[in-house]
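Labels A, B, C and D are assigned to the chains in the order they are written; within every chain, residues are numbered from 1.
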Amino acid sequence: MNPKLRVTVWGENVHEKKNKTVAAVYPKGMHGCIADALQQDSQLDVRTATLDQPEHGLTKAVLESTDVLTWWGHMAHGEVQDEIVDRVQERVLQGMGLIVLHSAHYAKIFKRLLGTTCSLTWREAGETERLWVCNPGHPIAQGIDRYFEIEQEEMYGEPFAIPNPDEIVFISWFRGGEVFRSGCTFKRGNGKIFYFRPGHEMYPTYHNPTVQRILRNAVAWARPDGKWIDTCPNVPVEKAPEKITERGPHMHKPGEAGYR
Amino acid sequence: MNPKLRVTVWGENVHEKKNKTVAAVYPKGMHGCIADALQQDSQLDVRTATLDQPEHGLTKAVLESTDVLTWWGHMAHGEVQDEIVDRVQERVLQGMGLIVLHSAHYAKIFKRLLGTTCSLTWREAGETERLWVCNPGHPIAQGIDRYFEIEQEEMYGEPFAIPNPDEIVFISWFRGGEVFRSGCTFKRGNGKIFYFRPGHEMYPTYHNPTVQRILRNAVAWARPDGKWIDTCPNVPVEKAPEKITERGPHMHKPGEAGYR
Amino acid sequence: MNPKLRVTVWGENVHEKKNKTVAAVYPKGMHGCIADALQQDSQLDVRTATLDQPEHGLTKAVLESTDVLTWWGHMAHGEVQDEIVDRVQERVLQGMGLIVLHSAHYAKIFKRLLGTTCSLTWREAGETERLWVCNPGHPIAQGIDRYFEIEQEEMYGEPFAIPNPDEIVFISWFRGGEVFRSGCTFKRGNGKIFYFRPGHEMYPTYHNPTVQRILRNAVAWARPDGKWIDTCPNVPVEKAPEKITERGPHMHKPGEAGYR
Amino acid sequence: MNPKLRVTVWGENVHEKKNKTVAAVYPKGMHGCIADALQQDSQLDVRTATLDQPEHGLTKAVLESTDVLTWWGHMAHGEVQDEIVDRVQERVLQGMGLIVLHSAHYAKIFKRLLGTTCSLTWREAGETERLWVCNPGHPIAQGIDRYFEIEQEEMYGEPFAIPNPDEIVFISWFRGGEVFRSGCTFKRGNGKIFYFRPGHEMYPTYHNPTVQRILRNAVAWARPDGKWIDTCPNVPVEKAPEKITERGPHMHKPGEAGYR
């Protein structure tokens, strides 16, 4: 009787149309590959949405019926409408989980929720990445050995300009000499957020079974605990928990909403 | 030879012109009162800036020469230009301290840096507030007894929709029955942020010597440790710390900047 | 096919035998009352253990088969054997959840896991406590209104000498004028820890349906995500992920364990 | 008129007497080398203490006059008397800074303050370590470039079994393929704690100018903000901030201390 978790996989879907290498690696689009990986878990009900759809596929109805949203974007961050970013942020604060993938460290929604630049250093050289589990009991690391390797990946290096994460699940070692906090959790409002580093569009990273396992773990971890819509209510004097008498001058008239 | 700390006190300065009670309580403006309080510390070099000035008084030159910025706003949050908010955010991430006061929990810059709604419950009844020190060794609480009281204040109640603070310095008790996390610290980029709850415009809160002491403590605490301008550099293969050979396909051309 | 969560309710069970008031309020012991409250959730498999049993009822076999342990103690903290505290700590670090109740803020196991004195201020005057939810989406607060009241409780006041909690779920308001962080979460190793303030032995707090609901929520929240036994392994040169050659002098002989 | 910061450098000083390599690298002892490095800062007043002295050189008088304590230990952790550990912990909670070095991750005082096993993986192969700054504005990283290298070091690898640090200043890359959170800050009570990874006894790490710079930075960062001695006071009914009347039964007699 446990209803399925409703997941929406958002993909920018631009590289796939413009670049033959990307198209060959991800014939169904990167979002299609990620959705297939998630669908292997029968407890997940998965659909996709892309930038080129009306409202980027993220209508109020879609978001309202999404428990966890995954987000991959890169060259078209600037084309995502602010109104849609507002809408996604609102849902995260209410409790929707958000999985932010690779180059989406620069997505508007990620910078909006974290408040920092989210910058990093980078190199595209197809070098080996080794991800170490530094939090072995974490739900997102279940079933993963002490480390795993990705033969070819883009390098992302520290400093990663984010607020201190709530938890660090993975740290990466790169052949070229850098390190990176590759799996980080945050909470904003009621929403759980997981940033996961791997996933350069030129390489078959999302076909990697270990990466797919982590995506499924992350989606399950990010499921909402409940829903909370904050309303900033005025509490009139007569409804104060303790009986008090109003004193002194007023700025606000009775029943007036506060300034926002 | 220790140079003075350069503080800019930003005030919305609208209530003071429109409301006789506020004007009577703060004849020099709320920003003027706060600036006077800070100026009692001879190590501080204090100036003010207000909404109605060009660029809200926060030109690039002013911000560049500001170590710590204090911010009070209420009814005109919406009139603060986004370009100025961008500019303040950039300086905070570089290391400028930010003290956010009372109703500025809804200021654009605070919501921008925290990523949440920053909402709360409220009541304007002139009730007594008692602030407890819950972190007695914290620099911001130095010289403050176990608690202090403000005879008349607006009530702010939990839930306060912020990310979990790095530290909680004060928690408030209100006569009407509510509680609130009234002194919270955050770090974003290199910048230290302190939110301090008291300061309703209708009451003489910023004339209170204990409140003034806390403002001076907070400004000293928020002083920059250094300056960091993040640039998201590409690290070319030949500059990798370890010698590696480039492999596989490329999305980016040599020397190209990444997508933002 | 979801197996039940195995809960052990530990009670000091000394006041109940020595004090007629406590015995009258809790005829089955405080642990008996708490166990009954938990047993209302059919997903929980609940047993009890007390100080006067061999090994305080916390044998290796009992702890090995415990998913979540609840702990109430007060006047006999010093009688808990250090060997049993070691054993409980080990299981928490492996992943066993721990719910620490009221005066157990001074329990050896709580101080051991947090590293601080865990002190606070207090008053036994039967005053009203009002607990505010400051994290409305948290699993432990599910089904709880904006606040709830306990007619008669002991007062605990700030400063509460704990490390900064991961999350604050409840903050208390006391009629006598104090505040307290009454619901705090921590993680140590793989174990989730929840401290919950109410529960003075002289009052019927654990008969309160809202308190009972929170206990059930907390136990469910603290369930293990997995089990991790850390072993501090030596990684011999020939098993390094990257091929390296040993260089320089040695302190340790091959195969030798490190110093602890 | 700014008084000097009083630093005590604690050294186990056992390897230096038993092993010729260590004695040759550190003819004045490791503690002597560290003390010399700190003494380069004229604002520091530095002395040393070692295991073999009465009370391990950490008498009440010494600790009372210490602002920051540094700690290096390895093979003799078990010989440190619990009474001295209690004493050091008490001073840290009051505000004394603590710098924990390399193999002292297993020191009793570190495990006591963190509550976890503090285990890790390790390899002694004289491999290259590269430490990346991941928090470039942090006081401890001032004057350090994007990264620095140590030609020969012991490897420590993740998972490092510590609670989530307040801040991560450095992450290490090892030639053999591992990563490690090498510079971590914590706060316990009023005391600031910094763990710094490098410093294997067989190599000249503490002669490295960059390492020495970090040690000086760390000591300055850990300086006490104030002193707080917690006393867990009972607040009698007549001294409650709000006037209340005592109600209901009592466990404690007036003036009685609480149970610890």
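Simple rule for what comes next: a contact is a pair of C-beta atoms (placed from the backbone, for glycine too) under 8 Å apart; a residue touches a chain by one contact, two chains touch by 3 or more.
These numbers come from a predicted model, not from an experiment.
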item	value
Rotational angle, Cα trace of chain B fitted to chain D, multiple of 5°	180
Chain at maximum distance from chain D, centres defined as averaged CA atoms	A
Fraction-based call for chain C against chain B, same above half, different below	same
Rounded Å distance, chain A centre to chain C centre (Cα mean)	31
Rounded Å distance, chain A centre to chain D centre (Cα mean)	36
Per-residue multi-chain contacts in chain D, two or more chains	130, 136, 157, 159, 164, 166-167, 173, 177-178, 187, 189, 230, 241
For the chain C and chain A complex, residues of the former touching the latter	94-95, 130, 136-139, 142, 147, 149, 166-167, 173, 187, 189-190, 224-228, 230, 241
Touching residues (chain side chain D, partner chain C) in the complex	15, 19, 21-22, 74-78, 89, 93, 103, 106, 112-117, 119-127, 152, 155, 157, 159, 161, 163-164, 166, 175-178, 186-189, 200-203, 230-237, 240-242, 244-252, 258-260
Of all residues in chain B, those that touch chain C in their complex	130, 132-136, 157-160, 164, 166-168, 171-174, 177-179, 181
